[in-house]
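Okay, got some structures for you below.
Paired with chain B in one complex and with chain C in the other, chain A is shared by the two complexes that follow.
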Partner chain A sequence: MSGLPPYASTGQRVWYYTFRVICGLIFFFLIAPIVVVIPLSFNAQDFFTFTPEMLRLDPEGFSLKHYRDFFTDSGWQAALWNSVRIAPVATILSVSLGTLAAIGLSQDHVPARRAIMAILISPMIVPLIISAAGMYFFFSRIGLQGSYWGVVLAHAALGIPFVIITVTATLVGFDRSLTRAAANMGADPVTTFFRVQMPLILPGVISGALFAFITSFDEVVVVLFVGSAGQKTLPWQMFLGLREQISPTILAVATILVVVSIALLTTVELLRRRSERLRGMSPS
Partner chain B sequence: MSDMTDTGPVLAADGTPLKRSLARALRRQKMRALMLIAPLLLFILISFILPVGDMLYRSVQNDIVSKTLPNTVVALESWDANSGELPEEAVFAAMATDLKSAAAAKIHTKVGGRLNYENPGISSLFRKTGRKATKFDLEAGIVWKDELIDINDGWGDPDVWRTIQTYSSPITAGYFLNAIDMRVGPDGAESRPEEEQIYMNLLKRTLWMSMMITISCILLAYPVAWILANLPARQANLLMILVLLPFWTSLLVRTSAWKILLQQQGVINDILVWIGLVSDDARLVIINNQFGTIVAMTHILLPFMILPMYSVMQTIPVTYLRAAKSLGATDWTAFWRVYFPQTIPGIGAGSILVFILAIGYYITPALVGGTKGTFISNQIAFHISTSLNWGLAAALGAILLAVVLVLYWAYDRIVGIDNVKLG
Partner chain C sequence: MTDTAANDGFVVFDRVQKSYDGENLVVKDLNLSVARGEFLTMLGPSGSGKTTCLMMLAGFETATHGDILLGGKPINNIPPHKRGIGMVFQNYALFPHMTIAENLSFPLEVRKMGKSEREAKVKRALDMVEMGAFGGRRPSQLSGGQQQRVALARALVFEPELVLMDEPLGALDKQLREKMQFEITHLAHSLGITTVYVTHDQTEALTMSDNVAVFDDGRIQQLAPPADLYEKPQNSFVAQFIGENNTLEGVVTEIKGDTCIVRLDDGEILDATPINVSKVGERTKVSIRPERVEYNKDRLQEGAHTLKAEVLEFIYMGDIFRTRLRVAGNDEFVIKTRNAPDVDRLVPGQQIEIGWLPSDCRALDA
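Let's look at the complex of A and B:
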C-alpha cells in the first residue's frame, strides 16, 4: 500500500479509509485487553472496573495497595520464588541440549533428519493437557511427581522446540567454512565451537533461551499436574486466584508480568536485528 | 584421467581406495551429527515420549481385575454369560477366596471402583461385602453362593458376573468405548443411552468451537497481515510490536484481562451501559459461555495466524496487483483472482497452527468457559484430578492426540516443520 493514487475514485477512497479503520479496530482488539489491566491495577478500591474517581483522574482513586499486597503476601511471594527457582534451571537444560542438537541437525548428512525434527518439535504441538497427563502418570511411577526436578524436567522438555527452531534458523545462515578455517589453523572442535561458532550464533541461542524461559515462566497446565503444593508457581497462583475468588492483587501481578514481557520482547527484537547484521543481511 | 584407469582404483593419501575413504568420512560425519543430537533425543524420550506412551498404555490397561481376583477370573472362564443363569458354586467359592485376600490387603474397593465405571453399583457391592470378607472362613464348608447372595443381593445378578468376566482380560477397549459413548453389552459393543452420551458431544463441541476460533482468526488476521506487509518498513515494524506484545504476554494475564473485561460488572458492560446501548438491569452475559471462550481464545491465538500470513504476504510482489489492474481487472478481481490465491499457503499454515493449538486448550476455557464453553481437555483434567478415572482420561487423551497428530502430519506436509518461525 503506497498511499492513494491521485486518480482514485470516490469508492476507492472510501474503501481505503474504511480499511484503515478496520485494521485500527483489530489492532485495538489485540492490544486493549493488555493495556486495560495496567490502570486498573492502581485502583484504590477492590473493584475490577474503573471507579468514578479514576475516571475523574482524582489521585484519591489510585493507590499502590495491590502491589503492596503482592509484595507482602507470603503466598504470592512463595509462588514468585518458585517460578524464579524453576524457570532458569529448565532454560539452562533446554538451551544446552537444544543448541547441541540444533548444531547436529544442521550438518549436511543427518540420517532421518525429518523424523528427528518432528519428534523434537512435538512437545510444542501436542496439547499441554496430554503432556501433563502423561507426565503425571509416568512421573508418579518413577517418583518424580510432586518434586522440584519433575517440574524442571517437564518444563525443559516444553522449552526445547523453541530452542531448536530459533537456533536452527540462525544456523541456516552460518558460513561453515569458518569452522573449517579454524580447524585448519589447529583449533580443536571444542575451541572452534566456543571461539568461532558460538559467538556468531549467540543471538539465536539467547532468543531461544528467552522463549524457553517464558514457556516455563508462563506454564500452568503441566505444573498443576506434575507439581505439588511445594512447587506452586506464579501462574498457578494466578490460576487459583482467578478460579476461586478473584482478588485484585492479580491485576498488579499481571501488570508486572506485562512489563517483563515488554522487556523480553525488546531484547528478542534487538537480538534478531543483531543476528541479521552479523549474517550480512540488512535489518528490516 | 586415462592413467588413473590404468593404475586401478584411485587411492587416498593413506593408501586406502578413495571410495572407501570417502564412505568412511561420510559415516563419521553422520555419527558425529547423531552424537550431537543423541543427548537431546534421549532427554525428550524420557521426559516426553515415554510419558505420552504411558498415557496411551493406560488407556487400554486393565490388569486390576485379573490381579485382584485371580481365582475368580480363572473359574469364570467356562461360564456362559448369555445363559442368564448364575455361575456355579466353584466361581462363588473362588470369589470368596479372592475377596478375603483382597480385603486383607484393602484393595477390594479399588477393583470395585474400576468395575463401577462399567456397571454402576458394583462399587458398593464390593465395599459392603469386603467389610465382612476378612472374617470369611474358607475351610468351614459354607455354600458360598447362598452366603454371598445373603450378604448382598448384588451377587445374585448375572449382570454383575458378566461385567467381571468381560473386564477380566488384562487389556480392554472399555475405556475407548466409554470415551465414544459406547459400552460392552451382552451382544458386544452398544451405544449408551441417550442421556449418558456426553463425550462425543463434547468432542464435537471442541471441534466446532476450534473451527469458529480459527475462522475468526482468519477474518481478523488477514487485513492486519496485509497492512503489515504493505506499509513502509518503519511503520510496519511499529505496528508489528502491537502483534508481538500479546504474543509475549503471559497467557494467564490475557485470560485474566478477558475475565475482567467480560464480567457483568466489567469494563465492556460498563461502557455499553454508559453509551446507552444496554440498560443497567439488562447487562449482557458474555462470560462463562461459548461466546466468552471464543472471544478470549481468538485474541490469544490471533498472533499465531498473523505471523505466518504476514511472512507469506511479504513475498508477494506489489507489481502483480498493478499488472492485473493495468490489464483491466477491477480492484476486487485483481485481489480475488491474483492476490488471494497466492496467500492461501499462509492461510493454510496459520489455520492448522491455530486449530491445533485451540483444540487442546485447557486454561482459558476453564476460566472463562463456564459449563457450556469447556473443551475436551477440561474433561480430561476432571477425570485425572477429580473422578480419578485415569483410564478414561487416557482414552480421551488418546483420541485428542490422534486428531492433533493427523493435523501435525498435514502441517508438516504443507508447511514443513523446518519452516516454523517465531516472532
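Let's look at the complex of A and C:
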C-alpha cells in the first residue's frame, strides 16, 4: 500500500486499515438514506419498499409515475410554486442584509461587534421550534402571521447567519488597501463597493446565498407556525404527505431536491476554487 | 527642530497633531511645507508618525488638530476620493480581478472619461513604465518589479499633481530597488509632479529626494536636502539615524563662537563645532563620520585634532576598509578608508593616532 511506510509497525498497519473502515462506515451512514430513496422513487408500485421486480432490475418494476404525479397534482404544484415564490425573495433579503452586516462587522471601529454578531447568528443556534414560536407570537401582533411576507421575513432571518458567516470568512482575506486604492483613484464608496469589494467577496456572497436558499427551500417548522394554507411550501406538503397519504411521490420530490442540492453545492465548490485562484493572485 | 510652515507651499501641514486613542499623540505639532514639483521623503523608524502623516494627506486618517492644505486650500473636510491625489501602496494594491489595463483604466472610468481617451491614456502610462505589452495580463501573472511599475503607472495615469508613495520598493530585491529608485525619481522630475515618499530606508531617502524630513517620536527632527542631512545633522538622533556615525560622550567646557571644547568622559580634550549645545557644563554627544577620520600622518590636515586609538578589528569590504577602533574608551569607533594602493591595512592590536578637523566633529545634544 502506498500510504504505509515500510517501517510501519503492526499497530500502525492495523490502525491504517481500521481508520479506513471507520471512515467508510461514517460515509455509509450519511449517504445510505439518500441512496435508498433515489431508486425507490422510480418504483412502479405505490409502496415504500423494493418490489421483487425492482430487485431483479426488471424494467417493469420501474416507472416515472411518481414524477408524473408530482408534476400534475395541483397540491404539489401549488406547494412548488409557493416554495419558488418564497425562497428566492428570502434569499435576496438574507444576502443583502447579511452581506452588509458582515462588512459592517468587519470594521474595527464598530462597538460591540461580537455581541451584535452573536445576536445575528442566534437563529442558527437557538432551537428552531423556539424561533418559530417566537416569530408566531410576534408576527401575530403585527399582522404578518399567515402572510406571504411573514414567511419571507422569517426565512430571511434564518438565512442571514449563513450569509454573515460565509461573507465574514471571505472578508478575512480581503486586503483593505484595495478599497483605499479605489478611493484614492477617485471612486466614491458606492462605486468602490460594487467595482472592487463585491467582485472579490462574491464567492462568499454566493455560497451564503445558496445556503440561505436551501434553508428556505427545506424549512418546515417555521413555515408551519408563521404560514397559513396560502404559503404551503414543498417541505410542508411533504410533511403532510407523510402523515396523510404515504405516497411515494414524496420520494420523487426528495430525489428532485437532492439533485437540485447537488447542483447548487457543485456551484459552490466551483466558486470556491475560483475564489482561491483570485486570492492566489492578490500580492500579499 | 521643525521648520515653520510657509503658507506658499503646495502641500502644507500646519501645526498638525494626531492621536488614535485621545491620549497619546502619534504626530506632535507637525509643520511642513512642500513646494510644487518637489520630491520630499519622510524618513524615520517605524512608529515615528511618518506613515500616519501620509495617510492624513491621502485622507484615510483625520488630523486630530491643525490643518493640512493642498494648493492653499484646507483639505481636512474633503473625503479621499475627492482629493485627486495619486498613491502607490506598499503592497501595490492592484485589483486582482482586473487586468493591468483595467486597473489603469479604473481611475479614468470613475472620472467619466470617454473610451478612446481612456485607452490612449492607459497606453501612454503603460509605455511610460515600459509595461506596454502587459495590458492584458492579470496582476498575479507579473513579477514584483512589474507589479511595482504598474502600481506607479496607475497612480500617474489620471495626472494627479501630487503623488504619495508608501514604502513602494520595500518588497523588491536590492538591484531592482536601486533601478526603481532611479526610475521613480526620473519620472517624478520629468513629469513635474510633487511627490511625498515614505520610507525607512535612508539610502532611498538620500538618493531620491530633494528634501528629506527625518521623523522621530511624532516630530520632524530635521528637514534638509540629503547632503545637509548627512553632513550637517542638527541633533544626535539624525546623526545616528542617517549613515554610520561615531559618538563620543563628554561635557562642554568652553564655547567660543563656532568652536567649543569638550572634555570626554575619559578626560581627553576635543575641539568640536557646537550645533545644539548652548552652555558650558552641558553634556554632549560628539559626532564624527567614519570617513572623515584619518590615521595616515602625512594626510592629516593642518589644525586636525588627534587622539590615540587601538585597532580592534579590520574588515575588508572590497571598495573600502572598515576598521573598528577603541577610542577614548569607546569600542565601537569605526573608520572607513578607501581601498587605494597607498593605504596601510591596519592590524588588530596596533596602536595608531587618528585625527579629524574640528569642523567635521559636531557637538550635539546628549
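Everything that follows uses one rule, which is that the second predicted complex is superposed on the first by the 267 of 284 C-alpha atoms of A that agree within 3 Å, B and C clash if a C-alpha of one lies under 4 Å from a C-alpha of the other, contacts with A are read in each partner's own complex, and residues count from 1 in each chain.
One rule holds in what follows: a contact is a pair of C-beta atoms (placed from the backbone, for glycine too) under 8 Å apart; a residue touches a chain by one contact, two chains touch by 3 or more.
This one's a predicted model, so the numbers in the text were calculated from it and none came from an experiment.
*Asks:* Quick check on the chain A-based superposition: chain B and chain C, clash or fit?
*Replies:* clash
*Asks:* First (chain B), second (chain C), both or neither: which does A:Gly227 touch?
*Replies:* In the superposition, A:Gly227 contacts neither chain B nor chain C.
*Asks:* Figure out whether A:Ala182 sits in contact with chain B (first) or chain C (second), or with both, or with neither.
*Replies:* Only chain C; A:Ala182 stays clear of chain B.
*Asks:* Touch test for A:Pro203: chain B only (first), chain C only (second), both, or neither?
*Replies:* So A:Pro203 meets neither chain B nor chain C here.
*Asks:* Taking the superposition as given, does A:Gly159 touch the first partner, chain B, the second, chain C, both, or neither?
*Replies:* neither
*Asks:* Applying the document's definition of touch, where does A:Thr191 land relative to chain B and chain C: first, second, both, or neither?
*Replies:* second
*Asks:* Quick one: classify A:Ile214 as touching chain B (first), chain C (second), both or neither.
*Replies:* first
*Asks:* Could you figure out whether chain B or chain C reaches more residues of chain A?
*Replies:* Counting contacted residues of chain A, the larger count belongs to B.
*Asks:* Using the superposition on A, tell me which residues of chain A are in contact with chain B and, in the other complex, with chain C.
*Replies:* Residues 284 of chain A touch both chain B and chain C.
*Asks:* Of all residues in chain A, which touch chain C in the complex?
*Replies:* 175, 177-178, 180-189, 191-192, 195-196, 199-200, 278-284
*Asks:* With touch defined as at the start, can you tell me which chain B residues reach chain A in the complex?
*Replies:* 26, 29-30, 32-37, 39-41, 43-44, 46-55, 58, 220, 223-224, 226-227, 230-231, 233, 237, 239, 241-246, 248-261, 263, 265-267, 270, 299, 302-303, 318, 331, 356, 359-363, 366-367, 377, 380-381, 384-385, 390, 393-394, 397, 400-401, 404, 408, 411-412, 417-418, 420-423
*Asks:* Residues of chain C touching chain A in their complex?
*Replies:* Counting only chain C, the residues touching chain A are 58-60, 79-87, 89-97, 106-107, 110-111, 138-140, 144, 147, 154, 158, 171.
*Asks:* Touching chain B in the complex: which residues of chain A?
*Replies:* Contact set of chain A toward chain B: 1-2, 12, 15, 19-20, 22-23, 26-27, 29-31, 33-34, 36-37, 40, 47-50, 93, 97-98, 100-101, 103-105, 107-111, 114, 116-123, 125-139, 141, 153-154, 156-157, 160, 162, 165-166, 168-169, 207, 211, 214, 217-218, 220-221, 225, 235, 238-239, 242-243, 246, 250-251, 254, 257-258, 261-262, 264-265, 268-269, 272, 284.
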